[in-house]
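Two complexes are shown next, each including chain A; its partner changes from chain B in the first to chain C in the second.
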Partner chain A sequence: MATLSRADVEHVAHLARLGLTEEELARLEGQLNHILDQYTILTMLDTEHIPPTAQTIELANILRDDVVTPSLTTDEALSNAPERSGDHFVVPAILGGGEGGA
Partner chain B sequence: MTDLTRLHAHEMSPLLRVGEVSSRALTEAHLAAAERQNHSLNAWLVIYRTEALAQADAADRRLAEARRTGPAALAALHPLCGVPVGLKDLVSVKGGQATAGSKILAGYIAPFDSTVTARLRQAGAVILGKTNMDEFAMGSSTEHSAYGPTANPWDLTRVPGGSSGGSAAAVAAFHVPLAIGTDTGGSIRQPASMCGVVGMRPTYGRVSRYGIVAFASSLDQIGPFGRDVRDAAILLHAVSGHDRRDATSAPIPVPPELLSLPDSDDEAASYLRGRRIALPREYFVEGMEPGVAARVREAVAAMQAAGAKVEEVSLPHTDYGLATYYIIAPAECSSNLARYDGVKYGFADRSSGEFIADYLRTRGAGFGPEVKRRIMLGTYALSAGYYDAYYLKAQKVRTLIKADFDAVWAAGFDSICAPTSPTVAFPLGAKLADPVAMYLIDACTLPVNMAGLPGVSVPAGLSDGLPVGLQIVGAPWSELSMLRLARAYEAITARATWRAVEPAELHLTDDPTTPSPAERMTRHTQGASATGSGGQA
Partner chain C sequence: MTAAPAAAGKSAALERYEAVIGIEIHCQLKTVSKMFCGCSTEIDGAAPNSHCCPVCLGLPGVLPTINRTAVEWVLATGFAIEATVAPTTRWDRKNYFYPDLPKGYQISQYQLPLAANGRLTFDTSEGPFTVRVRRAHLEEDTGRLIHDELGGRRVSLIDFNRSGMPLMEIVTEPDIRTAEQARRYAEELRLLMRTIGASDAEMENGQMRVEANVSIRPRGQESFGTRVEVKNMNSMRAVERAIAYEIERQAVAVDAGETIHMETRGWDEARQSTYHMRPKEEENDYRYFPEPDLPPLLTSPEWLAGIKARLPELPSVRRVRYREAFGLSAYDADVLVNDAAAAALFEGALAAGAGVPAKLLANWVTGEYMRLAKGGEGSGGGAAGRVDAAELAALVKLVAGGAISGTNAKEVFGEHFASGAGVASIVKARGFRQISDAGALGAAIDQVLAANPAAVADYRAGKAAAVGFLVGQVMKATRGQANAGMVQTALRERLDKAE
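Here is the complex of A and B:
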């Protein structure tokens, strides 16, 4: 399987929106490659005709009537907001901020 | 007067009902032990003295009212009414913290009760506090808590296992008879094994996860810790059952017999006659400590002598479990933990004033090293060009791992018996520098999660003075049978000398000059840093 370069580690960190220090990036490059090495064992198995398993209990769709039931109040929902304005969460400016992500 | 902290919940319940002991007295005794010893153990992230005593008084009023009303009213009370319990600090309790062991949730106050909390309140249990854990339940030693590690009461220089290490240590140290944990790859069974207590991961879908901080949603389950099988069964009964607020909770009835496992050892032991136990040869391989393998083989031999039929079987895809798990769980965690964005709740760094930069700073500063490692692994495994090679491949191997177990049930076996952990508790700091060595500790437990099965770890003796766990795994929804089998094993070993041994270093925890677990871990990692890490499993 693949090997992660330093540039790959930086790219994945950006995809994951993790701001990492130089030291963290260096350590992760070694550790992630060591862990990826363990994954190579899976290539020994032929799984071409094996279906994937995403869940283990055979539950079909769970449906309910579309009726309003009590839920959190606006104040409760906003009670842990780092910043709030009236009945809204305050979000940092998204537009005009420079880079657009990956 | 006997020490109230030594009582099992199933012993407390009859005393509470007749009024021979009050919930307030029980709660006071347990609070005192937890408060006195938490410096040395760090099992608790918060102890709710005021709230617990108020709940105890409310339970005493319920009990008194039921006594006045009559035997039917008393019988209708749940056996947990008035009994102190601990909750892993990822269970939401309205108005209280739920840090999940992370700095990113420091200061968060849950605005609602989890379903587990609501059911415990309904039963009348007393919530003593919240227990320590690896950050977001990612770890096998509780050393990845942002609030310092927990020590093992059997040896204060060693880990209690993890991720539910605080719950396991608190139960082993007699701070509570019962505690709740979660198990994604072994996080209940493995610390139960290392702390010498009983811990059960139920079938996926048995307990509602509403209000529990998520790690890997196709694997996470909630379950009980207790000092014996009857207690674990009582707690499982209280929290199990379908919940419309968790679409993955299953509409399967909860067996009422969980409340009436036999008190009599003879009656309990008779359950073993004719049971078919499978012994998977892949679980007794290199890396297993000889003392662990020996105790587990002795346990199985004892069950055989009591009438069980034991046969060796093969679970041929066991060796692929570790890689499969460490793709699927990080992939799911990278998705689940995307919610920590510094907007709706939790830690936020808004110092740059720019959206992406603040996002990177918030998550970079809020998460600890193991969580970052897993988010990175998961993001990579799900990223364009690698999805088929990693995530899809792992999901296909998961099918094969599950099929291995299905074949055992189809062959008519009642259960699979195996070691819970390949090693006894290891020294604080020994595996911190080597993530793969730490991951290997879960090798015997995580296949069970990938197949969605119930598994219970029960104490099976000591190796070098430290507890060894026997893992009993069953078919989906067979919790009652697994616990009956576990109770039977407990019964046939009831008079074993090791059963009377209490955690060896518990007495040291009363001494305020005993070093904290964090001090011990720092000391060890400084001493070991020259060689990098300790031996692997």
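Here is the complex of A and C:
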């Protein structure tokens, strides 16, 4: 049995910037532990001689030359915006989070 | 919250603690297109969201492709800081949710950076200092947010023009102990970026962003204290001041029994202090995992050899060459190395004029040329004067040979700087020559001594400085053409003899 605590769930919810109710937290705690249980089964496989990989196709060094190609127009870029103001996307203010410039 | 460091407690607290500082620098790399898409990087002054495409807007279903030039700039940097370049690197997703990051993750490099284990050596007021560089890796920049109010709601306005611009992150080991070392490291890295051409590294417009991790520990203690990240330092001076402030703040806080919290603090230039921005997320909170959309990158020996061969002479090598081959002072060598135009003029004049005395030439370049180039007095308000290296070489040779006085030579140089006219023609047109004839000088000196009895009396009363005034008068009487050294000697002889 995976043992993700309520505090772990709350922490993950915070990182995802999700505000969850008590009821949702309880439900997700069960669901997340269930998912982790499936991974516990996977970890029982012997993978000692299999190198870790993030790729399923054998490609390497796919590079492009440093050449400019056309961008979208500003109107196109903003066409899926939930809200726009002038040429900007508008989102609810989120202060004090994130990296703000990498 | 911690009170501002009290001036009284400051030095006493600092004596008990040692600062441990690591620096992270982000540089925007000089490419014409973005890191993973073909959008132009010419975003300065562009209308918001005019340099975007589905890739840098993070729309579903798009695939990034790696900009070869950006990779090559990081590899070149790796060689320049004597780092180990990885034979295989790959990409990772750094996950965090903030509206400046449209995908919800930043493509970066975590486990296998392009370059690792380098070092950078530079001079400080306490002598040469070497900082180990842990890693240099490639990533993409974020969009830009403006916090605003719209119809009474607090909102963020997003401009994704900067999203996906290529960024190199360079991280040091926590080797730095003083605010000055931190500033000097950043300055030397900036010079290196400009020398190899990887980045213009202008701090004012965010092409180079310096962040410092600062902690303190009681002197003699091995383990590190809790580190605080300091950012928003927009000049080299700000880097030094912000770190000095932060060291002091922590020392005073720890002395007062307070606990230092892991947090990000910003530098407030107006208040000259740091302020709490937010608690710092732990590294594993970024949930790094390999980027499945990008294949690994293999750096072949041939590719690397080509990049290495294209590296220009590095600042550290050039400083040594200027000192050893030309006998320049460490100061003059450093001034030249830090100014690409001045160094090019110096080298150009050496190449153009066989037998130009290098030290005298360096004085002219670091003195008159740089004064005029910076828009100093007589430059016509910073007019874009161009100096021909061969003309400067010719002028310096005239000065060295005693054919023209230093005063007149400055006038000739100023005219050349302003108009571009040739040195020989200016000298001829102005009738400049140097009077080194003892007889002709003697007559001028006699006249000046007769006309300035007060200065003569001052000199004889023990005011040695009066001789400077008298030299000036002789120079004026000869329209600057007298050999100043000879005038000085002759004046002293007369004044001392008649005593």
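Following the convention adopted for this analysis, the second predicted complex is superposed on the first by the 80 of 102 C-alpha atoms of A that agree within 3 Å, B and C clash if a C-alpha of one lies under 4 Å from a C-alpha of the other, contacts with A are read in each partner's own complex, and residues count from 1 in each chain.
Here is the rule we use: a contact is a pair of C-beta atoms (placed from the backbone, for glycine too) under 8 Å apart; a residue touches a chain by one contact, two chains touch by 3 or more.
What you see is a predicted model; the values in this text were computed from it and never measured.
In the superposed three-chain model, the partner touching more residues of chain A is B, compared with the other of chain B and chain C.
Residues 15-17, 54-55, 57, 59, 62, 64, 72, 77, 80, 89, 91-94, 97-99, 101 of chain A lie at the contact with chain B in one complex and at the contact with chain C in the other.
Across the complex, chain B is touched by residues 1-2, 4, 8-9, 12-21, 24, 28, 31-32, 34-35, 38-39, 41-42, 45, 47, 50-57, 59, 62, 64, 72, 76-77, 79-83, 89, 91-94, 97-99, 101 of chain A. Residues 26, 31-33, 37-40, 47-54, 57, 59, 65-71, 90, 95-101, 106, 139-142, 145-148, 150, 153-160, 167, 169, 206, 209, 277-278, 281, 285, 287, 289-292, 294-298 of chain C touch chain A in their complex. Interface residues of chain B, counted against chain A in their complex, comprise 107-109, 111-112, 203-205, 218, 244, 247-248, 250, 317, 319-320, 322-324, 326-327, 334, 338, 341-348, 350, 353-361, 363-365, 367, 369, 372-373, 375-377, 379-380, 383, 386, 389-390, 392-400, 402, 435-436, 439, 450-452, 476. Those residues of chain A that touch chain C in the complex are listed here as 15-17, 54-55, 57, 59-74, 77-78, 80, 85-102.
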